[in-house]
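Structures incoming, each one as structure tokens.
The two complexes that follow have subunit A in common; it is paired with subunit B in the first and with subunit C in the second.
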Partner chain A sequence: MAGYFLRRVLGIVPTLLGVSLLAFGLLNVLPSDPVLTWSEAGAPMSAEGMERLRRELETDRTIAARYGDWLLHAAQLDFGRSLRDSRPVLELVGEALPWTLLLNLSAVLAIYGLALPLGWAGSRRPGGVPDRAARCLLIVAYVVPPFAAALLLQRLFSVRLRILPLQGVTGGEAAGGAREAIDLALHLVLPTLCLALSGWAFAAHFARATFRTLLDAGHLAAARSRGLAGLRLAWHFAPNAAAPFVSLLGAIVPGLLAGSVVVEEIFSWPGMGRLLLRSVDGRDYPVVLALLLFSAAAVLLGQLLIDLIYPALDPRLRDVIGSEASVRG
Partner chain B sequence: MADHSRPALKPALAVLGTLTALGLMGPFLANDKPLLVSDEAGRLSFPAAAGFPVVEALFGGPGEDSGRSAEPPPAGSWVLWPPVRYSYRGVALQEALLSPSSRHLMGTDALGRDILARVLNGASISLLVGFGATLVSLALGGLLGGAAGLRGGLSDLLLGRIIEVLGCFPPFLLAMALVAVSGGAGLPAVTLAIGIGRTAAAARFVRGEVLRFRGGVAWSAARSTGSSLPGILLRHILPLIAPPLLVQTVFGMAQAILLESGLSFLGVGLQPPIPSWGMVLAEGRATLEAAWWPILFPSLALALTLGSLAWAAERGTTERHP
Partner chain C sequence: MDHGRPRRAAAFLCLPLAALLWGCRPAGERPAVPAGPGVKAAVPARTGGRFVFPLPIEPATLNFVSGTDIASAVVLRVIGEPLVDHDVRLKTTPCLASSWDLSGDGRVLTFHLREGVRFHDGAPFTSDDVLFTYERIVDPKSRAVGRADGFQTVERVEALDPGTVRVVYREPYAPALRSWEVPILPAHLYRGADFATAKQNRAPVGTGPFRFVSWEPGQQIVVEANPGYWGGVPSIDTFVFRVMPAPETNLPALLAGEIDFARLSPTQWEARRHDPEFQRRFRDVGYVPLYFNFIVWRGDGSNPFFTDPRVRRAMTLALDREGYVRSVLKGLGRVTASPFQDLLPLDAAHEPSAESKDPAGTSAADLPEHQGRGARPLAHDPALAGRLLDEAGWRIDPRSGLRTRAGRQFRFTLLIYSSGENHVQFAQVAQDDLRRLGIRMSIERLDWQTLWSRLKSGSFQAALSGMIPAPDPDSIYGLLHSSQIQGGQNYASYRDAETDAWLDAGRRTVDAVVREGLYRRVEERLVDQQPYTFLFNPAVPAVLNARFEGIEPSPLGLLGSSPGAAGLRLRREPR
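And now, the complex of A and B:
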């Protein structure tokens, strides 16, 4: 068992290396010359200024040498400095990360908070009124892109009804304590809603299917006939239900990461998505590279979580892993 | 394979066909040039056919129009106008931000351009990028996934790793970075970037289908007759997976259209005056406080397109696994 965990954790190292190679290659092989782009994009540079910048970017060295250098530094968590304001990339990311985590956490809570009850209701009486209403709602959530939803919600709640802030993270006045927390919570509502939108349909669909298989299982009837009901029945099933719902998290991570860019930009949320967009716009390659790497790592970690949590929650899988250890590289 | 286990392809084909027709008809539905002009001598000309937004996006158009030509036709001639008599780039500042009315069914934007005309003409952009990107991802993914699945062994391990690495990048972020480094944010660059962004998903799909086939009797039968691997892929596997492939294409198109509109919305995709729905929405965002129509109608167009594609794909998959 410990061997399996170790193998899985070590297994992401070559993938992470491949990810870094691909990201680095993409940003360096392609024909776009950042120095030329900058000087064309409104910031005319002298020949020597361009020369100095080229030296800083080390465009004269081979890609392999630069990659080796970068990798060596990255392994020590040094991702270089931003080309725009020369601040360490890690510092920029560190400033943005808490905001992105807050937004994404709140979106995950919103997804689970709505999808689980809806899925439960749908699985109890398939085709019933709650089931059909939920499906209609989720179809809308699925087909309206997050940025379109964001604009429509901003228009409705911030411009027309004036009950929610249009954008940003605080109202400005430094109130402190509970007032500040409420202010932040209000600023969180619309971004959370928009970020959760794309995940809801999938999550509720998933929850419905999962609950149905769980309800169909013979041991439910067995537990019921033993007199288990209500919370105690739910507790009895929690371990079985938990594994799929943890894996759901891994499945929605990529969508959340991509959604963060759009949602953070629209709501002026000072997170990593906005940082990425600004860096892409300004051809700030060290930052783009680091952010690409981090998001790929987040996706990988999501998958790893699934692989690690399933056997931890499901004893049956441990036997399978034990017998097929050699197959699952 | 029994007949009832085949996916329902009719919805997919119907939705694709309708959308394609709408996309192709954009310039004929909304244009400030007449569809058909017959002059005094009875000679016919088709001024509207020249103004395809896709063509202008690829080869550069005449830029933004200013004003609309309204000279009366000479005697003895007749003119057939499209239903909407505005082009997607006809600027008329004196008509800026008009709310929906009988003249402008969806209102006008901040530059006085008719939003209905922009939405109608934007369909062809979305469809072209969606279809093109899906083709790119299926071609690249088919190559990667097909080779991995067919050859097995070490190749599968290596190619599988490549697919895994590629799949770690959220498609939207990958496409965004690709557009940025490729310099020009033209239609081909955006299409290619989205296609590459979605390659991993396509590769996984093809590899999975090929592996399923490899487990069956048909595989050993084909191998025993001495067929080459690419031959097996094209002659035996492709016909088998054509129906799910179509469903996958429809699903992929929805994703690609979503990606394109998102990129264009953020300003890292197509550039004005191409009437991509994402861009129309981004322009509507600038006047969010003043007007609702520039954001509502493009949103509806996107939602309808994505919804119908998703519906078609869903029908295909549910019928396949009853």
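And now, the complex of A and C:
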């Protein structure tokens, strides 16, 4: 079993190498370069000036030489410095990461918090009016582009009703303690809603199907006949029900990460999505590479983690993995 | 089955969400713009106020010398100060230098520094800081993009005493004074530190009207009134630069009271300019920027169309630029008659103290007769355009209806920026105008990055682009001088010996009158040659929260000119 997971972890390395190679290649195939970006975006340079700067930034070296160099440093967890502001890439990522984590965690909670009860309600009376209404609404939420949803929500809650802040993560007046936490929570509401929109329909549908399978299964009737009821019944079936929802997480999170690029931009949320957009725009190669690599690593590790949790919830899988491990070992 | 329980459970789970929404109620009762927070006791109580200004991107750095992106420049204007600055009419004004003289031969510029000026940390400002700043500008390691170009002809900079700096140029350099519009670094804080990573790059210390308080990455930069400012303590307590990357959110944020200034799209402005409530709450501070759009006609022979000046002239004559300003820009903007339109006439700040002679051999006596007037742009004249095209051999083929020469049809592709609302609309209208003349223009929509690199590499026939000139006619040099074809900004590959000579002379001529004459000649030549069709300067509709006053926009924006943010104050009586 331990060998199985070791193999899985090591299996991530070639995937990451592939991602970095692809990202490096794509970045260099993209037209324009950092110097041209700077010159055109406000500080026009003479032809000679641009050449001087390219030499200084070493962007005039060959792709292979730069990739080799980058790889050598990355292997030692040195991701270099941003071309834009000369700060270590890890420092930039460190500033943005907590914000993205917070937003995504909050979106996951929002998705599960609504999808599970709706799915449960729907599974109890499939095709009923509440079920159909909920599904209808969720489909609408699913098809509204996050960009449009964001602007509409901002108009409604921040401009008309004035009950929620429109953008940013703070009102700007340093208060400290509880007031700051409330301020942050308020700033979280709209971006969370926007990010959760596209996930809700899928998650609720998934929950409804999962609950129906559970409820229809013969063992529920069997347990009931043994006299289990209420919370004890729920407790009995919790692991069974939990397993699919853990794997649902694996399906939702990559989508959320992609969605946060747009949401962070509109809500001026200082996270990784915005950092990525800005760095791609400015052709800040070291930052883009690191961000792509980290996102890939996060998704892969997430999958691995789910695979780790799964056997704990479903004993049948333990046997499968065990036998596979013994065959290979 | 008992349906009651799950329904109750669902209701319970929805409670926190409802509570969260209800909990926000009190926030809704706050005033439209939050009142100024109790800033540190160091700032004496005054009119006060907190002004929030949106930035489309976060500054890369707040290093005075290497911070050249648009956002850095805006923030640095309130923290740091140059030797000379410019007012809202772009006339050069004294700043850290209270006066200056230029020698008769135009090679020696002497700055007399303002006395008693201190940096925000209390250290005095002296000629040593100016020397240090100069050394950093010309050091390639500083990556002082674009800035270093203005210092290529400096022979040496020397401090005569703590209050006087002398700059000696190898040859007269007309834009010399403008090139010194670089905020002066505090030498005592940077000396010995690594310039690229010094902590002052993210917590700058200057001599300006506001001093740095905090920079929350990705969110905002906060500055507060400098109580020791030599020009008088600013009226506003706190100035916040808020990073807001999505331009669509500017108007809602303004309406929600989260920012005090916003640029609007022409459509947004049209929808609100007659709304009395909007007009009461906000004041129009729109401006026409130096930015102008133009079409590049690649005239180096790589395509059969645009090498002939007659064809390029015909293209300009075929385009109804006045009409575009009315239809595409909804009247918000004006036709760009010439790239020098906003850069001439020259102000006489550069007048040398003694007689000077134009290196090109012109003297003020034999100036061109149009001296002092602007260029006469080509008017919209499709009939004349047709005749010019006929003359150039491009005749209408009766079968296809297209102009044809030696079996080649007049079909070309115009590259445009895909997200520019104006650009797309303009290209479509222009397409119709040209079709009527028997020319088929296709449109290729690209992102900025691709557009720039196609322009640089020369893989295009025609392209719609734009530029923000610096407020000196020498900033057009890159667009027109043949030395800038390879790798520079002369995308049209325009090569004209006389234009080159006038531009070179304009760079070296310090006598304002003679110098203006040189650029007027370039202007005249451009009308004839049309390497570019200059289109229009689109206006920037912008509004300011009417709670504030004391600030006027310039072609460089709301904060782009002196006194800028230093003059801002709360309105005495609310409207």
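Criterion: the second predicted complex is superposed on the first by the 294 of 329 C-alpha atoms of A that agree within 3 Å, B and C clash if a C-alpha of one lies under 4 Å from a C-alpha of the other, contacts with A are read in each partner's own complex, and residues count from 1 in each chain.
Methods note: a residue touches a chain if its C-beta (ideal position, glycine included) is under 8 Å from a C-beta of that chain, and two chains touch if they have at least 3 such contacts.
Here the structure is a predicted model, which means the values were calculated and not measured.
Look at A:L27: by the touch rule set out above, it reaches subunit B but stays clear of subunit C.
Once the two complexes are overlaid on the shared chain, A:R155 sits against subunit B and subunit C alike.
A count of residues in subunit A touched by subunit B and by subunit C gives the higher number to C. Using the contact criterion defined above for the overlaid structures, shared-chain residue A:A296 touches subunit B, although it does not reach subunit C. Judged by the touch definition given at the top, the superposed model places A:L164 against subunit C, while subunit B stays out of reach. After overlaying the two complexes on the shared chain, residue contacts for A:T15 are found with subunit B alone; subunit C is out of touch. In the superposed pair of complexes, A:R283 makes contact with subunit B and with subunit C alike. Residue contacts after overlaying the shared chain place A:L97 against neither subunit B nor subunit C.
With both structures placed on the common chain, the touch criterion links A:L257 to subunit B but leaves subunit C unconnected. Contact with neither subunit B nor subunit C is seen for A:A242 once the two complexes are overlaid on the shared chain. Within subunit A, the residues touching subunit B in one complex and subunit C in the other are 30-32, 37, 151, 154-155, 159, 265-266, 277, 281, 283. Put simply, subunit A touches subunit C in their complex at residues 30-33, 35-53, 55-57, 84-87, 92, 95-96, 99, 113-114, 116-118, 120-121, 124-125, 151, 154-155, 158-159, 161-174, 182, 185-186, 189, 265-271, 274-275, 277-278, 281, 283. Contact residues of subunit B toward subunit A in the complex are 161-162, 164-174, 176-178, 180-183, 258, 261-262, 265-268, 278, 281, 284-285, 288-289, 292, 295-296, 298-299, 302-304, 306-307, 310.
Interface residues of subunit C facing subunit A in the complex, by the touch rule stated above, are 1, 3, 6-7, 9-10, 13-14, 16-17, 20-21, 23-25, 27-28, 34, 37, 50, 52, 57-58, 60-61, 68-70, 73, 140-141, 143, 145-149, 196-197, 201, 216-220, 222, 240, 242-246, 248-249, 252-253, 255-256, 258, 448-450, 452-454, 456, 467-468, 470, 475, 478, 483-484, 486-489.
Note for the complex: subunit A touches subunit B at residues 14-15, 18-19, 22-23, 26-27, 30-32, 37, 139-140, 142-149, 151-152, 154-155, 159, 254-255, 257-258, 261-262, 265-266, 276-277, 280-281, 283, 288, 291-292, 295-297, 299-300.
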